[in-house]
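What follows is a group of structures, each given as structure tokens.
Next come two complexes built around chain A: one with chain B, the other with chain C.
The block that comes next holds the complex of A and B.
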């Protein structure tokens, strides 16, 4: 779709975008490993937050440092670094979400030179007052240390402005998600994927202007839906395989909502800038749907997914899970049971980043949709 | 009016031709080989010759199997899961659990009372326990694949092959032969290994199988040793095997062609 063209260009080659951005702005690029890297603080520090998502090249160098049963996100990211393909990166931030990312941080520090290196050791249980206090404190420390490494001070004004920009991006992106749910034919799954992917690497002000005008354009172009196919919710961890959306949509179905780290979850929730801005950022992390590596209540993720399936009138849920993703694996059985109990058909698809959508995946996917 | 179902699997290409009253008037099974278009042409020609009808008499064609998009003059393509479920309802009415072990994958399909697929599971990792696996085992044991099913008759030991990877299992078999283990014991161990793997596939789609009619389709259903081991592992007296288990997918496709044309 024409309106998504710029996003497709950036998503197809984020590295070239980052290099050109550096040349144009003389700014610095800070790579991040997951959605728990605080966007607002990076933006307030005037750097380009750049999320690394595995590799599209064969993994050969990383295998000398990581066991083969690490996920392709972790192995792929290390491969990119070891191959010297992250030469535009001035620093890296490792939020501690899953164990693999934490260990990757150590291996990275020992073997890779990509500028400065920062760990953000997050709490795991996000339901307690103590974890909110702790999260607030480490975000504040992170901002101070980031400022020191960059030789600048992150002021309250700059942080307030960054929060405002990020909130506006989130509102615009969620408007587009809501439109997809209302009028599924308004965009293809690959379009939305490219838009989300671009939002993790593009200059956030440029991105804001693009998504805001896109939301308005799409809303006026697609006031009502003529879609009568099957409505699919995609859930799971990370998915950087746009082909998958094509496989689903070739059957005449549409993805109407997602619970993916590389989907709506990245943009969910608004930071309410009131009083302590670091506490405000921490509050958003505590209140949005969490990643499987975090805890927000015994059945919180399952309840959120059942609710998502209901609200989006889903015919079925497809789980895309990265092979060897332990946190997802621990969560899946009870979530699947909750969907079963609520008569929501679902199916699990285990994926590896480097594999293309093969015949068997297509068969399983089509058979699942035939079953609905 | 006639309806044609073509199932282009990894090992065999099957066609079933039915009439308006769902009677099978012709069927054909040939190896798929590397040129699947030729196999498709061949089975189509076979069923036309057997039935004595011309191509114009075929009202609708549905293709299924891995090569389903290779059939040029199809009226639709449907996955083999849906087709097997449809075909088995005709061959063994009332089937609720269908085990389909084909050339390179195995599936367990849970069918609802209304005949629709409720859930299914596939071995999505490798060809362990499928037709390809059995071919490799027959080669290692130096027996014809058709004799493999009865090879385990009279086996006494509790041997189970520990590896289900086709390559590793083959070297395990070679080691067992080297140790002097009898052929029939090895064959039994192999069948048990397939059965335990299939058991977990069935458990993924239905926690309770007591009282449900269990049937089997796919070429491996013709291997009596595997079927016996499956009966033991599923703790059931009966696994229904249709007359032609290898053409159930094509039969289902033909039935869907008929339904869609109604």
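The block that comes next holds the complex of A and C.
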């Protein structure tokens, strides 16, 4: 679809986008490893926050540092860095998530030259007052240190403005997600995926204007739905495989909602900017659906997914997870059980870095959808 | 019976570590106490191996360690079945095999001791890994009991004030949690007493491990894997102190009598990561066959890795830093420094690294440590891939070949 074209371009080659952006703006690019890197602070520091997601090239160099039993996101990201393909990066931010990312941070710091290296050691338990206090404190320190590294000061005004931009982006993107849910035929899964992917690497102001006009255009173009196919919710760990959506939708069904950190979760929740802005940012992290590497109560993620499936009137849930992803691996059985208890059919697909050429995924995917 | 065999039997008797029997008795009593806790009106808490156990002991709660249980399951070769059972329950085969074994065991009360006693509460400290957090969530759902999380952010390169304050806040919450679930006020005086015993035990354990600086070493890392159990499970008790004192005495006696762990110790090696529980005997024999003794390891010494932060006159407050700054909760470069200093202290001629599929925080980064140790200490390093409990990930012939080749390298490098 025409309106998504720009997103497809960027998503297909984020590196070229970043290089051109640098040339155009003379700005700096800060790479991040997960959705817990505070967008608002990066934006307030006037840098391009750039989420790294694995590699599309074969993994060779990273094998000298990481065992074969680490996930391809971790191995792929290191491969990109070691191969020198991140030459446009001026600094890296490692938010604390899973054990693998935490070790990747060490290995990266010891072996890779991608400018400055910052560890943002976030709490893992996001339910307590103590962790909110701690997160607030380290976000503030992070902003100060980031400013020092860049030779600028992140002012309250700049942070306030950045929060407002990020919130507007989130609102616009969530409008588009809501529309997809209401009128599934309005866009293809790959379109939405490209839009989300672009949102993690594009100049946020440019992105905001694109998603805002897109939301408005789509809403007027697709007031009602004629869609009677199967409605699928996609959930699970990190996923950067646009082909998946095509395979699913070739069956005539549509992805109507997702719970992926490289999907809607990236944009969920609004930062309510009153009082301490760092606390406001921390509050959002504490209240949105968490990544499986974080703790937010014993059933929070399961309940959220059941609710998502119900609200989006899903016929089934497809779980995608990267092989060797521990946090997801521990959550999956109970979440699946909760879906079963609520009569929501689901199926797990474990993936490495790309779809196997043998068509196995296609076959299982079709079988699942036919069964719904 | 020939005199030769007789002599061999006598030699075997002479070189056996006597304390082994005491240890078995203590562990049996400990597990009986734990399993009959309810009848005796005592509460049971499951706690992670790196977690602050002293407050539990001060409150008369019996601590139980699923990881120690996991080790027993591994050593008795019961893990493969339990892991397969966990996989049937939907848990991926790539998850930590302690966690898989324990999760499956809880549902069938299987394993070597018919399952652990049911917990009244769970205490999870993530200073060793993020896996325990997820694992304890699973058990908290299964047993429907309260879960206390002590969240200790990793100290990649620095230990920040903010993180100190955060962990300190949580220690206060921990005391409140115990007061609530034990129904009595927290006994701070008792905690200081327990803390002193804990420190004493840790120091004695370190002293036991240090006896291997002698040539020949009176014990090996394989012995340490066995005698470790008490510093994990009974840290903070007089029992552990007495036991390690006796073990230390026995080791010193062996040193004076030149009784060695490996009959003809020629080569001294260091071990990294958890043991391969179901093959300790085989590995021990294989190395001994090369006249090599594993004189030190990063695993059993981890329980004294934060001694320098603990203060016996202010145990409560020093726990904050002590439990935050343990070996696994630091950066890979800091770990490499520690390995280097151990190679130096114990005069190791080589390093054997168990690349453990189960344990990512311990294993990812090993290749870098390998390179650093080779370069800076100039000793050969072997990385062998296995798993601590799940023997389906162990290839004996391949590992045999690699060890043989490695030993040749070490010999050539002596």
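One rule holds in what follows: the second predicted complex is superposed on the first by the 367 of 372 C-alpha atoms of A that agree within 3 Å, B and C clash if a C-alpha of one lies under 4 Å from a C-alpha of the other, contacts with A are read in each partner's own complex, and residues count from 1 in each chain.
The rule we apply is simple: a contact is a pair of C-beta atoms (placed from the backbone, for glycine too) under 8 Å apart; a residue touches a chain by one contact, two chains touch by 3 or more.
As the structure is a prediction and not an experimental result, all values here were calculated from the model.
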item: Which of chain B and chain C A:102 touches, first, second, both or neither; value: second
item: Chain B versus chain C as contact partner of A:370, first or second or both or neither; value: first
item: First (chain B), second (chain C), both or neither touched by A:265; value: neither
item: Touching partner for A:359 - first (chain B), second (chain C), both, neither; value: first
item: Superposition-derived comparison: chain B or chain C, residues of chain A touched; value: C
item: Which of chain B and chain C A:350 touches, first, second, both or neither; value: both
item: Which superposed partner A:130 touches (first chain B, second chain C, both, neither); value: second
item: Touched partner set for A:279, first chain B, second chain C, both or neither; value: neither
item: Intersection of chain A interface sets (partners chain B, chain C); value: 350
item: Residues of chain B that touch chain A when the two form their complex; value: 66, 78-82, 105, 116-120, 122, 124
item: Contact footprint of chain C on chain A as seen in their complex; value: 64-67, 69-70, 96, 98-100, 102-107, 109-111, 119, 121-125, 128, 130-131, 133-134, 137-138, 141, 292-293, 295, 298-299, 323-324, 326-327, 329-334, 336, 348, 350
item: Touch list for chain A against partner chain B, complex; value: 345, 350, 359-361, 363-364, 366-368, 370-371
item: Chain A-touching residues of chain C, taken from the complex the two chains share; value: 89-92, 94-96, 99, 126, 129-131, 133-135, 137-138, 140-141, 147, 149, 151, 153-157, 160, 162-163, 165-166, 169-170, 173, 331-333, 355, 357, 360-361, 363-368, 385
